[in-house]
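Next up: the structures, one after another.
The same chain A turns up in both complexes below, where it pairs with chain B and then with chain C.
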Partner chain A sequence: MSDTFRNRLMFAVALVLAAIYLFPLYWMYTTALKTGSAMFATPPKFLPSDPQWNIYADVWQSRNMGRYLWNSLVIAFGAVSLIAVLGVGCAYVLARYRNVWVEIGLFLILMLQVLPASLMVTPIFVGFSQFGLLDTPRFAVILAIAAKSMPFFVVLVRATFMSVPMELEEAALVDGNSRIGAFFNIVLPLARNGILVSAILIFMQAFGEFVYSKSMIQAVELQPASVGLNSFMGPNTNEWNNIMAYATIYVTPILAAFVLLQRRIVSGLTSGALK
Partner chain B sequence: MTLQIELNGVNKYYGAFHALKDINLAIEEGTFVALVGPSGCGKSTLLRSLAGLEKISTGEMKIAGQRMNDVPPRKRDVAMVFQSYALYPHMTVEENLTYSLRIRGVKKAEARKAAEEVAATTGLSHLMKRYPRELSGGQRQRVAMSRAIIRHPKAFLFDEPLSNLDAALRVHMRKEIRALHDRLHATSVYVTHDQIEAMTMADHVVVMRDGVIEQQGRPLDLYDRPANRFVAGFIGSPAMNFIPAIVGEGGADAILDFGRTRARLSLAARLAPGLSVTVGIRPEHVRIVAAGEGAFDIPVGIVESTGSATYVTAATQPELTVVETGRGEVKGGDVIGLAIDPQQLHLFEVDTGKRIEGEGGRANLRFLPRAAPHPAAATFSPL
Partner chain C sequence: MKRILASVTDGKGFDIGLVLLPLAFLFVMSGLPLVYNVVMSFQEVDMFSLGTFARPFVGFKNYVDLFAQPETRPILVNTALFVSASIAGQFLIGFGLALFFWMNFPGASWMRGLFLVSWVMPGLVVGAVWNWILSGDFGVLNFFLREIGVIEGNIFWRSDPHYSLWAVIIANIWLGTSFNMILLSVGLSGIPKDLFEAAELDGANALQRFFTITLPMMRSTIGAIIALGLIFTLQQFDLFAGITSGGPNNSSNVTQYWAWDLSFRQYDFAKGATISVIMIVFVMLASIVYVRSTRHEVRG
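Moving on to the complex of A and B:
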């Protein structure tokens, strides 16, 4: 088997796998545009013959999507800000000090990452209701997401900080700066890319977060889009085109952002790995 | 002259590891000091302690008369040039140069003027708007130097600043740094593992090993009178030959042991008969003569020519290397005679490696006219 043939075969396999993986996304976009009868046609049509373009405006209006998306944004921005402020300092310390306690701390942080949200939600719910945090349910969700996603952020940003040579900081110290000054003047600007990329990933996670929001936010006017989508579906749902339109509106901005930033995200994630 | 840097009984521990052992050092203002030694000898630790990047465990450290033990780096007023240059990658050359001034609150116009003045002397004027990644190795090196110069610090600290440059540039920068020192007359401490850099640049060389100062002094004093075998082997290139010898029965001569041949030499001072000593011979202090005309004969092993000099390594145990200027006619397998000036020999104790002093400060040795032939010598010597 020649090299070119093998490369082509691998490429074909990759294409097939990508197609399978992305098919639901494609189905979401086409279903949203189909009419009621076209949706349930057998055999199914892969392209809508009579695309219903006004469905987006209808769904936006009828489901009050503006409010849902606003709540999603509030929660996502809140969580990212909290994580960024607390996580950057934490990651820096874990990057610069090496001893047994740091190792233990890092291990515990990674352990936190292992616990799934559906497991944590009950104790968190009980605890938050004791503290009266459920009176401000969006803030409660922000706190819960921050706790859940912080380890991921810390581990990523720690790698970024470790790629900033210690000597640069030492040069700044000898040049007359304090440790804090050196951190803000030298280390932070150089780690900026890694921090931004990690923050974007956290933002995407938080924007689509469902478990905590579903269980902690009872008031409809405070619920994020993920919960709104869920409440759209019932046991006898048949308005799949509306649901898919909702999902399209919800997902497309994130998807677009990811495609645009994809290169930077990948390079940001691997920047710590290579010199 | 006043003392600019003083170290009294300085020790540094990393946990159980004793990195600096009772270091005493006094550096006069305006001196260029080289700390030299193999890697892991503590020279960089010592330099970083001076900068304040490491805290010394015990002892006292003074810079310009002030006790500095607990003073943070930014208040020490020293400048450091790092091995990796440590230029700030997100700042232009100009911003790199003026960074220390801006921290100290110097006005922008003033800082820029200072940067331009320094850049003019180091040949960076046309590169001020570039970023470090757009510069060559030599240019980066100059930026690192300029960044130190601009502050007029109490002392310059260099941490192997030339080790990342290629050989030709290194030789060039060596001269530049020394010329700069002669112009600024600033106290400089220069860490290097390259004894040639230390010898050529420094007024005062400090040889370190395993956290201990083995010897310090003027470069040529170290070369002429190394205090022990380690310093003797470290200073000078190619390295000094060390040949084991045993003091003869009368205590007035020693037998050099080359494995397959031997040579006898007389000693100026009487030593205990049977005592083992090490004789040090610098390769450049041996002259190649015709077989039978020197102190002793030796078979030639490898001949390497650099064009300007010829390195002849004898096929003996231990090896003996001889440097001859110009192009020799010696070939591998020849037998040659070696003429050695007894005044240029060094004697060391075998156990401690310490130098054994003869009269007049030298191991006053003299080779007997004819070396006693070793039984096995006949296999290669046409005696």
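Moving on to the complex of A and C:
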């Protein structure tokens, strides 16, 4: 009896804490639905009395969001594919062996993981422009993001490979598989979920990437949604309902994916970063 | 040739190939830019010499010039303030939440995971939302503060030089709290329960248990999280771009934004590279602390 009461009380407190913490998100969703005058009302209205549902279609049209989101998708998919192709094998080898070389490799990868993008963008931009890579700016951004995020991916996926029992692979080798065969038929399918979750995390990061895109993509037609949002927010803007509608369209798919996959993402994240 | 092929499909060559290809990629895309950055910080770089490698070397001139500039010192102070206030806020709130969710109740882990939405949102969207919340006349934060009676008049978070840095700090604390909480929760759940039972039998109260068991047992986790916090706050760029753009008059500028601003707004790539070199050294030191505190995992 007192136990269920305690549990209910704790759950209620947790709900209140979550409501406070997630208020900015709620404020984004409600502001988007407000009219121009309701937005600037004092005291502010916490429930929009006259929700403007057509704002999403309007903003989508007027800001050309289809093109921006398409570019974000191209960049995110490109970066994730490149990272997955290169990173999975690297993580596998680093998980399978324990010697000095593996430790050196891990150390280097951990060090590369921490380099801030806004500091690396200067040499990358100058170097890329010298090699003509800026003529294909989206590809240049994909390369830069891949270099930035691959270490994190390797760390996460390595943790997954560590949990695949080595005996299974050895049994496959005894049964006459080659190393490649054992890798693709046994190890990779067993680690599939972990790799997928890590790839989704990297995808979310790349989908919202800003520094590299802002610096390297000059042509408006090739810019991703983050840069589009940035140019939407002028210094003295008062179109906050439109900006929040833009933000809503931009993040809702990410948030939906996160809520669906929450448990896996959280456990994947923690296994890689700590322990 | 055949031997090599056989080794690649079925021997050591397979492993070496798998690991060398990505390492080569990282070397070209991260290692070389790092070196190039250092080289540029000793060169004179302008719009005309951008396309060539043969630029005049000027020794430590860029460094000397940089520290002679009047805005350098305030920006360094801002960076220190931004980093320490952000880490302190994220860590304390995150620890409080982690301790709360640690008292197990049905739905605790699901609710805890929900907090992480702040972490998966694009940084620029977080910046846009907080920009609106922090707005001076119509911002909802000012409304709440007025209602509680903390302030009388509105605070112009983004345009008042006394508050502009704090505007970004508030947003950054919100952004990073959930990540701190999740990692601290992992650390908390790693403490053996019987330690607490033993202490309770010996008559230790909750506060004593916290200071004699929880904190000491969490030492390496806390070290790793503070180091990670330092790394992440020094990477924070989107919030500055989304809220204050470093202004007004550099009052909310920090080194990682300034480096970008110098390179891509003022086209002074040499100065941008110079600040980058200095800050990267800092980040590297922090990451050594991080790697050391997680070395149990690395060493196995």
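Operating definition for what follows: the second predicted complex is superposed on the first by the 248 of 275 C-alpha atoms of A that agree within 3 Å, B and C clash if a C-alpha of one lies under 4 Å from a C-alpha of the other, contacts with A are read in each partner's own complex, and residues count from 1 in each chain.
Note that in this section a contact is a pair of C-beta atoms (placed from the backbone, for glycine too) under 8 Å apart; a residue touches a chain by one contact, two chains touch by 3 or more.
On a predicted model such as this, the values are computed, not experimentally measured, just so you know.
Engineer: After the chain A overlay, clash or fit between chain B and chain C?
Structural biologist: Pair status: fit.
Engineer: Of the partners chain B and chain C, which touch A:Trp70 in the superposed model: first, second, both, neither?
Structural biologist: In the superposition, A:Trp70 touches no partner, neither chain B nor chain C.
Engineer: For A:Tyr26, using the defined touch cut-off, is the partner it touches chain B, chain C, both, or neither? Pick first, second, both or neither.
Structural biologist: neither
Engineer: Which holds for A:Leu143: it touches chain B only (first), chain C only (second), both, or neither?
Structural biologist: Only chain C; A:Leu143 stays clear of chain B.
Engineer: More residues of chain A are touched by which chain, chain B or chain C?
Structural biologist: The larger set of chain A residues in touch belongs to C.
Engineer: Is A:Pro189 touching the first partner chain B, the second partner chain C, both, or neither of them?
Structural biologist: first
Engineer: Per the contact definition in the header, classify A:Gly176: touching chain B only (first), chain C only (second), both, or neither.
Structural biologist: first
Engineer: Does the superposition put A:Leu115 against chain B (first), chain C (second), both, or neither?
Structural biologist: The answer is second: A:Leu115 touches chain C but not chain B.
Engineer: For the overlaid structures, how many degrees, to the nearest 10, lie between chain B and chain C at the C-alpha centre of chain A?
Structural biologist: Spelled out: centre of chain A as vertex, angle of 90 degrees.
Engineer: Of the two partner chains, chain B (first) and chain C (second), which one does A:Leu168 touch, if any: first, second, both, or neither?
Structural biologist: first
Engineer: Considering the aligned complexes, could you tell me the closest Cα pair distance between chain B and chain C in angstrom?
Structural biologist: Checking C-alpha atoms only, chain B sits 9 Å from chain C at its nearest point.
Engineer: Which residues would you name on chain A as touching chain B in one complex and chain C in the other?
Structural biologist: 178
Engineer: Spell out the residues on chain C that touch chain A in their complex, using ranges where they run on.
Structural biologist: Chain C reaches chain A through residues 9-11, 14-15, 17-19, 21-23, 25-26, 29-34, 36-37, 40, 45, 50-53, 97, 100-101, 103, 105-118, 120-126, 128-133, 135, 137-138, 140, 143, 174, 177-178, 182-183, 186-187, 190, 221, 224, 228, 231, 234-235, 237-238, 241-242, 245, 256-257, 259-260, 263-264, 269, 272-273, 275-276, 279-280, 283-284, 286-287, 290-291, 294, 297-300.
Engineer: Given the complex with chain A, which residues does chain B contribute to the contact?
Structural biologist: It is residues 51-53, 72-74, 76, 78-80, 82-84, 86, 88-90, 99-100, 103-104, 147, 151, 157 of chain B that touch chain A.
Engineer: Can you tell me which positions in chain A touch chain C when the two form their complex?
Structural biologist: Against chain C, the touching part of chain A is residues 6-7, 10-11, 13-15, 17-18, 21-22, 24-25, 27-28, 31, 39-40, 42-44, 86-87, 89-90, 92-94, 96-98, 103, 105-127, 129-130, 143-144, 146-148, 150-151, 154, 178-180, 183, 201, 204, 207-211, 214-215, 225-226, 229-230, 233, 235, 240, 243-244, 247, 250-251, 254-255, 258-259, 262-263, 265-266, 269-270, 273-275.
Engineer: Flag every residue of chain A that touches chain B in the complex, lowest number first.
Structural biologist: 165, 167-168, 170-178, 181, 185-186, 189-190
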